[in-house]
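One chain, subunit A, links the two complexes that follow: it is found with subunit B in the first and with subunit C in the second.
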Partner chain A sequence: MIELRNVTKLYGTVIGVNDIDLTLAPGAYGLLGPNGAGKTTFLNLLTGQLFPSLGEVRVFGGRPNHPQILEKVGFCPGFEGMYANVSAYEWVTYLLELQGYARSQAKERARDALTLVGLSDAMHRPIGGYSRGMRQRAKFAQATAHDPELLILDEPFNGLDPIGRHDITMMLRDWIRRGRSLILSSHILHEVEAITTSFLLIYGGRLLASGSAEEVYSLLTDVPSEITLHCSHGALLAQRLIHEELVEGVTLIGDLGLKLATRRPLRVYQRLPQLCQELEISIEEVHSTDDSLHAVFSTLLRLRRGDRFSHAASSRMTKAVSGSGEDR
Partner chain B sequence: MPVFDVGYRPWSGERESAWRRVGVIATTGIRLAWKNQWLRRMLFVAWLPAIYFGIAFFAYERALEEGAGETLGRAIIMRMPEGRLTVDQVFQGGTAERRPVWAFMLMTLFRYPQGLLMVMLVGLIAPPLISRDLRTRSHLLYFSRPLGIAEYVLGKATVVGTYLFLISTLPAVCLYVLGVLLSPSLSVVGDTWDLPLRVCAASVIVVIPTTAIALALSSLTEETRYASFGWFAIWVVGWVAHSSLMIMDAERLGRFAMDIPSRWTFVSLYHTLGDLQSSIFGFQVEARRLQIATAILTGLTFVSLVVVFRRMWVLHRR
Partner chain C sequence: MTNPIANPVPSLSRQLGGAMFAALRFEARRSFTAPRLGAWCLLVLFPMTIVGMFRLNGDAQSTAIWSVLLFILIPEAANLLGLLLWVAPHIQSELDGKTWPYLSVRPYGRQTVYFGKLLNGVLWTIAAGLVSLTLCVFIASPLMAEPLRIWWANARLVVLSGFGYGTLYALLGVIIPKRAILIAVAYTLIFEVLVGMLPAVASEATYQFHLRCLLQIWAGLKLEQEQLRLFFSEASAWQHLAVCAAMALVFLGLGSRIVGLREYSIQDEA
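After this line comes the complex of A and B, so read on.
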């Protein structure tokens, strides 16, 4: 369905995506990466909005900006992209007409698509009066209304309330169940996980890995979690935690701060109250700096740099990371 | 009880021709522009001069055929600013002067009231056409559809062209038809049959360069007001520069500015267009001035189109 051959996109001296070599079969994929990772650039290359500076992009075997290819692609951008003084109904009808639908058909499908995303009551109101969530729903409707084979969504959950997230999640699951393809970008792991189990991990413009949810979690199990503490007698607490082999590493932050690296965070949380009592220390603040996606990326970056934090992990990840260039 | 699937419905119909997308962009642009109350008022006002000129046609034809209404005709025609025909010429030339008189009145309608309205109307509708798409980034949604840059630009240009047609070509053609209907004799058709064609040609001369310039300005900025400012600046600065140079010439020659031929039409877009329109309506214009006017308008149109296409290309295919 999608082929990228050594694709690099430069914005002047800034690299948007860097030497991505990838083939994706029809299916559903979650494009994961932190802000600024290159997700939007990657998606814009697929929709023909951007030309690669180097390499070649093929979608359904053709150039992404070819009219026949664009007829098969639905794009829900991360930006607003709508006129404030027209209604969602007019807007979706208009975009459907640009897809080649006759006006009467376009109106009918626009009504259906907007009803499906829960905008049946508001579809005739000007978009300028919509909440962010309603705009997001309208964008989703315009992306799906022309019955594309591939749906490309750039951060579709931004601004949606929990009900909206659930509705869109259900719709996307239904979309996949009907055998349609999907590429969904997000920086939140569990959002993507609720929809698809195939991930593309992108960071700093590079495709770090591609794989299934199991492969991602296998990385996480070997990644030490980070816990930050503000307490009295931090050195004493650190000594005790090391002695009990609860932590893999400790960093002292001034006199009162501790940063713990542990593979057994639950055990640490259970043990901390007892240690406070025994050592007569007070803990003012505990928080986990760990973010699951952040941890995955840190791990992948360390591996790419050649750090060997865990032999087991590295051997498991070699397969996934080689995915910077490998097919899934 | 059957449970119906109310979920997503696939579609397998035929898609329409790619060129219909030009029409879709144009009709949507026309509809959006129509929401502007000032535009609707302006279109209403645009027809008032045609009524005034209609009365002039009627008075002239009555004076010519029936020897009545000359006083009214003189009163109207002597107020027309174009000085190519004197009032005496108009009423003493008989039917031999009919064609130039009709052409003179149609051209006066074109150059003065409709010319001013054209500048104002384009200044109202053209600046947001592309700049709004750039500001809202909706141009990226347009181009995620099977739509080329040429279709997009042509669609936007059609919006401007349609409204210009409504305030210049249509009133002039209607005025001609009205003049024919009000004429006591049908011989007027034989004398003036070419005038509607000249009206269309003069409209094309106005529409193409002005639309190209307005779209180029709109494509250069995300701020509609800057595009509007640029549009009006072109006309006002040109007009003021032309008038100032003419006054300097007149002072040097010790005559009135209106009495000397202009050497400076090329500094003003309005006067440059006027030269070509005069020529189209059959009035004598110096060949060198015509060549300069043609070269300027062709050059401006070309440069403006290059700017629009280049800008869209850069934005669309960064």
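After this line comes the complex of A and C, so read on.
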């Protein structure tokens, strides 16, 4: 369905996406990455709004901005950008006419699509008076009204309340159940996990990994966990942890801070209370940074660069990423 | 998700024509706002105010003077102002409103929106020009020897100027969407005003040259002074019309090509 061959997008000297090599079969994919990771650039390349500085993008075997390809794609940008003084019905009808439908068919489809997203009562009201959730539904309706084969959504949950999120999640699940393809970008893991189990992880413009959640997390098994402590005698505690070979690395942060890198975090957590007693030190705060998606991305980026970690992890990383696997 | 209506796409020309008309209709419907109607009224009133002052003075003028005065006020001033407001920023307005991505991911969406918005802006401008011209001639008719001739000559020039400068400004707006109005003003001052008034071959590449030659022919202006002939040509009205049409087609073609190929990104993140 989608092929990217060594695609790089530059904005002057700033890299939007960097050397992405990827093949995606039809299906549902979550594009995960923190803000500024390059998700929007990636999606704009797929919809033909941006052209790669290097490499080639193919969607359904053709150029993304080719009219026949655009007939098969529905796109929902991350920002709102709708005409405030126009009703959702007029707007979706207009976009369907641009899609190539006759006015009567466009009206019928617009009505159906807006009814399906729950805007049957509000569809004739100006969009300017809609709530955020209603605008999101209208955006979803315009993207799906022409029944595309591939739906591309950029941060569809942004700004939605829990009910709105639930509704959009249900709509997307239904979309997938009907055998349609989907690429959904988000910076929140659980939002994507609720819809699909296939992830594309992007960070710093690079595609770091792809696959299921299990496959991505398996990459991290050989990677040391990071534990940050605030305690009364950091140097003493560090000395003891190194002596007992519980940590791979220690960084002292000021007088009281300590950052530990360990492959046996559970053993460290078990041992810490005993060491506190033995060394008569007090720990004020323990924080594991590895729970956050950001930490996963940082770790994957370091893995990709080949920093510090074992060769085994780097090898698995190369398998998981459908790319060159090496920095260029 | 929707009823399984077969994808229409009957033919490319029908699809494009329908989409273009849809863009025009949508833009026209969206244009009826108080600010735009206010600007439209100002465009109508501004030439009328000046002609009204002439009327108050009560001096009867020749057909030539009235024709030139109305030509400068309406096809060359009011029309350009309207087009600067409604055509030059046609792409930028979609980029500013962040509506461009919805339009550009439609098959031929970029081109149909380009044509639709251009046509809408041109029609608003021509409408203002024709209304203003009609009212100006009505106000000044007691002082005019041939009011109908003056009206008819300038009415055709209003239409030509609307389409001609419209395609030019639309092209500039496609090439440099940011500050499109500023660029169009600079272009008009340098090329259409300065170069267009040069008694040289270069002036023939401007709309202004051909429009004023058409005015001379249609209003029956006599070039009695030898120096004046340097600013006009011996070509027929049809030749001038053909050159105007060719220029408009070139600008349209270029604009439509560029709008299809150009990146207009609205970046929330890099």
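Rule of thumb we're sticking to: the second predicted complex is superposed on the first by the 230 of 328 C-alpha atoms of A that agree within 3 Å, B and C clash if a C-alpha of one lies under 4 Å from a C-alpha of the other, contacts with A are read in each partner's own complex, and residues count from 1 in each chain.
What we mean here is this: a residue touches a chain if its C-beta (ideal position, glycine included) is under 8 Å from a C-beta of that chain, and two chains touch if they have at least 3 such contacts.
Computed from a predicted structure; not experimentally measured.
When both complexes are superposed on subunit A, subunit B and subunit C end up clashing with one another. Once chain A of one complex is fitted onto chain A of the other, the partner contacts of A:40 are limited to subunit C, with no touch recorded for subunit B. By the touch criterion defined above, A:100 reaches both subunit B and subunit C.
Applying the stated contact rule after C-alpha superposition, one finds that A:144 touches each of subunit B and subunit C. Once the two complexes are laid over each other on the shared chain, residue contacts for A:14 go to subunit C alone; subunit B is not touched.
Comparing subunit B with subunit C, more residues of subunit A are touched by C.
By the touch criterion stated above, A:89 is placed in contact with neither subunit B nor subunit C. The single stretch of subunit B with clashing C-alpha atoms against subunit C, selected from 57-65, 183-191 or 273-281, is 273-281. Put simply, subunit A uses residues 11, 47-51, 65, 67-68, 70-71, 73, 75, 77, 79-83, 85-86, 94-95, 97-102, 105, 109, 112, 116, 142, 144, 146-147, 175, 178 to touch subunit B in one complex and subunit C in the other. Only residues 1-5, 7-9, 15, 18-19, 22-23, 26, 29-30, 33, 97-109, 112-113, 260, 263-270 of subunit C touch subunit A when the two sit together in their complex. Residues 11, 14-16, 35-41, 44, 47-51, 65, 67-68, 70-71, 73, 75, 77-83, 85-86, 90, 94-95, 97-103, 105-106, 108-109, 112-113, 116, 142, 144-147, 175, 178, 205 of subunit A are the ones touching subunit C in the complex. Within the complex formed with subunit A, the subunit B residues making contact are 7-11, 13, 15-18, 20-21, 24-25, 28, 32, 35, 132, 136-138, 140-148, 316-318. Subunit A contributes residues 11, 47-51, 65, 67-68, 70-71, 73, 75, 77, 79-86, 94-95, 97-102, 105, 109, 112, 116, 142, 144, 146-147, 171, 174-175, 178 to its touches with subunit B in the complex.
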